[in-house]
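Each of the next two complexes has chain A plus one other chain: chain B in the first, chain C in the second.
Entry: the complex of A and B
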């Protein structure tokens, strides 16, 4: 049986992105709108940045066999810490960035330690962290607070021609994380631990360190997202993370990008494509003025359908494997039945 | 052979929860030797290897590598001392490439970046030394066959500079050709100066590849001898030659047999073909055969778990279509599975909940259930602190009684037992056997899959022997072990393989000159 097969290195989400773009273009054009304009493309890219950065971090957490539900609250807190530390002063720009990233690293460290040393399931551990952060935010903030410096504010809006500068942040994070995963020993270990922790441990890997490192990276990415959103909004906002739904959206993007939820398999570029798919969908729905609730429902359907397709691909692949002629048993070689 | 042996194990003793699985076992292995370890199931082969691997700590005895006492508390320590183990369940990452698997945790790096080229070149070199050309260092391990994955494990061991290689039933899931290629590989490793411990119970392989053989029986060392000085039938006698210790309840007499309760005609599915089987009320029919012959598959097919796709199944004379376990249960079947912890019990639930599991899932009436559980606990002589005790705290024998109670609550007419006494101590075994016989006597039809020959022979009124998914033949109860084995293996293996062993092993054409390359390398 011949079947169209993608080249090994192209994840199916990239052609899917092409299809979504084409369908979006057609429907928007029929609707009388314009799709492939530079302002609209800019808009799509701009909207991908925040989800993109946090989703790249989430990819690492999921690859190692864990996951992080605390990113949304961490994003909110990061935006506040960044804006309040800057307080509109240029001189505080670098310290504020450093402090925010350190906050992210700290949260990731705690997540990782709880998951590995206390053996709390990652779902519960990071949900717990989410609740802790939520409580802190609710207790201390009810409205936007702080003010980012002018340079940082301009970072969120500057463009080079049609390309928003902030897109480089997303692309940069994706490239660096992708490179780390594919080229460094640590990256290899992330795949190994996520693939099979006992096997990795038997091969002498210090699996806990790998998991903790992945959580730190994931949380730092969330903190970076918080920094970026603070730049867009000009101040810190206690609900910016949860309003964006970055916890579940980032996980959805990772899975949509072809990363196995059980870990050990997947790539950053799949997540990038998935983030773009979600952004294009959003854009198309907005242009068509789809009812916001229906829009949510449609996104849900798209995600479920995509994951169902992945499951089907795997099933088909497995059946092709097992439908090969059965291996002859070894016959008269055994003396005592096992 | 004058130097200190590469590996020496002295007086290894190991007990689990008071049951001794290894008792003062000695084993030595020198460089350039293939040393087979043979014995029946439960003889202690695997435990011995796990002690060597550092997965278990022995209660007594010591392990010496090159004359130096070592104690391994973690498999990584054993690895560092040059001991590599290839388990039946491979330690490989299916999603990663061959090279990535070989070097997992030890990736060569330059400036912090993995030197993929070197990793792949090294892997390619090791593969070439072994004469393996059917896959490349970049192949995804999950895409390889079992035989190829085994080669990956060997390459991994060699890249770790292992000098002692332990292979646990390496040919268990290989086809003939693959198995002989593997034996070839083992010989080349030996010629390269490795000490290979080869665990198997397949006589032809042992005689084809091993230099010496150690026989274990019931956790004790029977004898270590040169393969050249013995014959397969002598070895088999040493492995199985034992009194039928354990008590076995008397068999059914002809007058006790009733109508046919279970009849399978022409049954087949992916694993089975042409199955004809009849079991009468009052009868225990044993299902024997080698591993992979389709014994468990038969039980699962009858029960509806992996249904027959051809043929018919009749229960009490009525033809039934059994497409799921639920169908099987409503047709009056009970299936005591091989793995009680995975498939038989909800371990963290109480005795009561487990005993009622089947009833609650299939029947609606709720009356008199507590009384029923009490009654079943009594009739199975279950020993638990209370009916509310979690079953994971019970012994294996008592757990099995809970499984049995679960089925008896449904009052099935046909009971399928798959390895009913696996992992159960001797006393409890007899109790289970008594229960089985009692059930038969009460008019149930009993099918018993067993790989323990004494059990199969002692318990069965008739023995149906499976081979390659088919019924190979039938023997009366009380047949000899030799008869069962002969039928299971398709010939009389004991006689057929009595000729000198070396020649048989030489059959596969050696691959071009690869052996000497291995030798040069080490």
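Entry: the complex of A and C
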């Protein structure tokens, strides 16, 4: 059987995005709605920003062989810290952003230290952090609190033509993280540690620092998502992170984007495409007025099916290459020159 | 997984060790959980002297039974090197479906129980087949299953489940054998818990248990030695699904019908198993220790309640203690790294 082959550099999630867009366009049009309008495109982009930023951070954590289940509560806490520090005052904008990002870095540092120095499995370590943050939130906040400044509020809503300005935050984060992973020494170390930590350690990498750095990056991304959501909502909300299900949803997006859950293999642009796919699906379901509960069930089916297709593709590829040594196509193979 | 590969595989884990070796190995690995459990129970009985009265202690076991059953099921999946995140939503589905069946057939307690047990087996089978045959990582399979089950149950009931569980159905979760000397009442759920624990131990001592450990330790080696790896793992998922259905029956009897009854139980079950010293990634740990982990978690909740901590702070303290316990276990396991 002859199989259509993608160029090695294109992750299959991108054509999948094209297919989802096409199918969405057709079904919505048949249903009597309109899909490719600028307001609808804005809607889709807007929706992908929050999940997109945290998912890019999650990509780094997963690439290094870890994962972060605490992001949802961190997002809530970040939105509250940002809004309460700003308190509607323009002058507090920069300090509030700095403080929120510092909070993210601090949480990531603790996660990373617990995973590396205390040798706690990342699943348990970040679940523990999630419980600690959950307890802190429930103990101190019961309702939305604080107020973001006018500038920050407008950031969430301003558009350039059909393009929301906030999308640049998402694209910026994705580009920076993508660059760091693919073009810097530290990025190569992330792939190395995620691929095989003992071997990396024996090769002289300070693996603990790499893992800690990945966790800091992941948590800072979550804090950024919290900042963005505060801008959208105008205040901080104790349930915004968990209501969005950003913990499991971001992990699903990363895996949907072709990153291996065991680490060492994957790319940021796959995560970006996966986030867009989820946003388009969400939009199509909304336009077709699918019951929200049914929507959730369908999303579960889509995630499993997509990852099953990936696994199948990888299996077929491996069978075709059984004679030749495996060719690494999704991660760097050479050590970057200094 | 990556860290497990550097450890020297214990030959004894696969090749039938002597009884003495087995006992000392099991204790060496899981003694911390029994020590912590004993400490917590002593602390609770200092705070609440009544705790040592048989009825009060049995009430504690009764409360802990659903989580302990869930942990026993989760143990099989984790020791085989996988995760099952769908058990919490499966507990909810069990309770809601049982209520619906009983609404149509008020006397059909057996029918309701058979339905939900079959449902648990089918969900476990689906998890297992998708994970092993379609090669989807179990984290994603069971996460997707969680979304599907939660969405389906809310869609079906419009977010607010109707009906109630009949008294007969609830007996297993909250009733007991009356007039037992000294104990006053022996709760059915404690009987179920003991039966599940004994059954799990026997299953782990059977050939299947040996194969399961081998698969979790090194699936490639196990496969090359003639173990049917996909089938072994699939059975583990079915066991977990059955345990979730049973936990749902107990919890439904204990707490009644709601769409939130199973929320977060998957993480509690995994935490309990890990507290018991079972290593995520598979191949290590005992099912008795996993059940002890569940009792430890429940004892912790009880103690924090007695100490008058707000529910919010209980979460925070629970998180800290779980991380501390696992860190402690990690140092005992790998002092050389």
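Methods note: the second predicted complex is superposed on the first by the 318 of 338 C-alpha atoms of A that agree within 3 Å, B and C clash if a C-alpha of one lies under 4 Å from a C-alpha of the other, contacts with A are read in each partner's own complex, and residues count from 1 in each chain.
Heads up, the rule we're going with is that a residue touches a chain if its C-beta (ideal position, glycine included) is under 8 Å from a C-beta of that chain, and two chains touch if they have at least 3 such contacts.
Bear in mind the structure is a predicted one, so any value in this text is a computation, not a measurement.
Could you say whether A:196 touches chain B, chain C, both of them, or neither, answering first, second, both or neither?
both
Quick check for you: in the superposed arrangement, does A:131 touch first (chain B), second (chain C), both or neither?
second
Looking at chain A, does chain C or chain B touch more of its residues?
With both complexes superposed on chain A, more residues of chain A are touched by C.
In the overlay, answer first, second, both or neither for which of chain B and chain C A:304 touches.
second
Which partner does A:65 reach: the first (chain B), the second (chain C), both, or neither?
second
On the A-aligned overlay, A:123 touches which partner chain: chain B = first, chain C = second, or both, or neither?
In the superposed model, A:123 contacts chain C only, not chain B.
Do chain B and chain C land on any of the same chain A residues, and which?
Touching chain B in the first complex and chain C in the second, residues 196 of chain A appear in both lists.
Under the stated contact criterion, what part of chain B meets chain A in this complex?
Within the complex, chain B contacts chain A at residues 40-41, 75-76, 79, 91-96, 100, 104-107, 109, 112-114, 116, 169, 171-176, 178-179, 201-205, 232, 236, 239-240, 270, 288-293, 451, 453, 468, 485, 488-491, 493-494, 496.
Mind listing the chain A positions that touch chain C in their complex?
The contact residues of chain A facing chain C are 65, 114, 118-121, 123-125, 127-132, 134-139, 196-198, 248, 251-252, 255, 261-263, 291, 293-301, 303-304, 307-308, 311-312, 314-315.
Per the contact definition, I'd like the list of chain A residues that touch chain B in the complex.
That would be residues 183-185, 187-189, 191-192, 195-196, 199-200, 202-205, 264-265, 326-338 of chain A.
Once bound in the complex, which stretches of chain C touch chain A?
Its residues touching chain A are 1-3, 5-6, 85, 130, 134-137, 139-141, 143-152, 154-155, 159, 267, 270-271, 274, 280-281, 310-320, 322-323, 326-327, 330-331, 334, 337.
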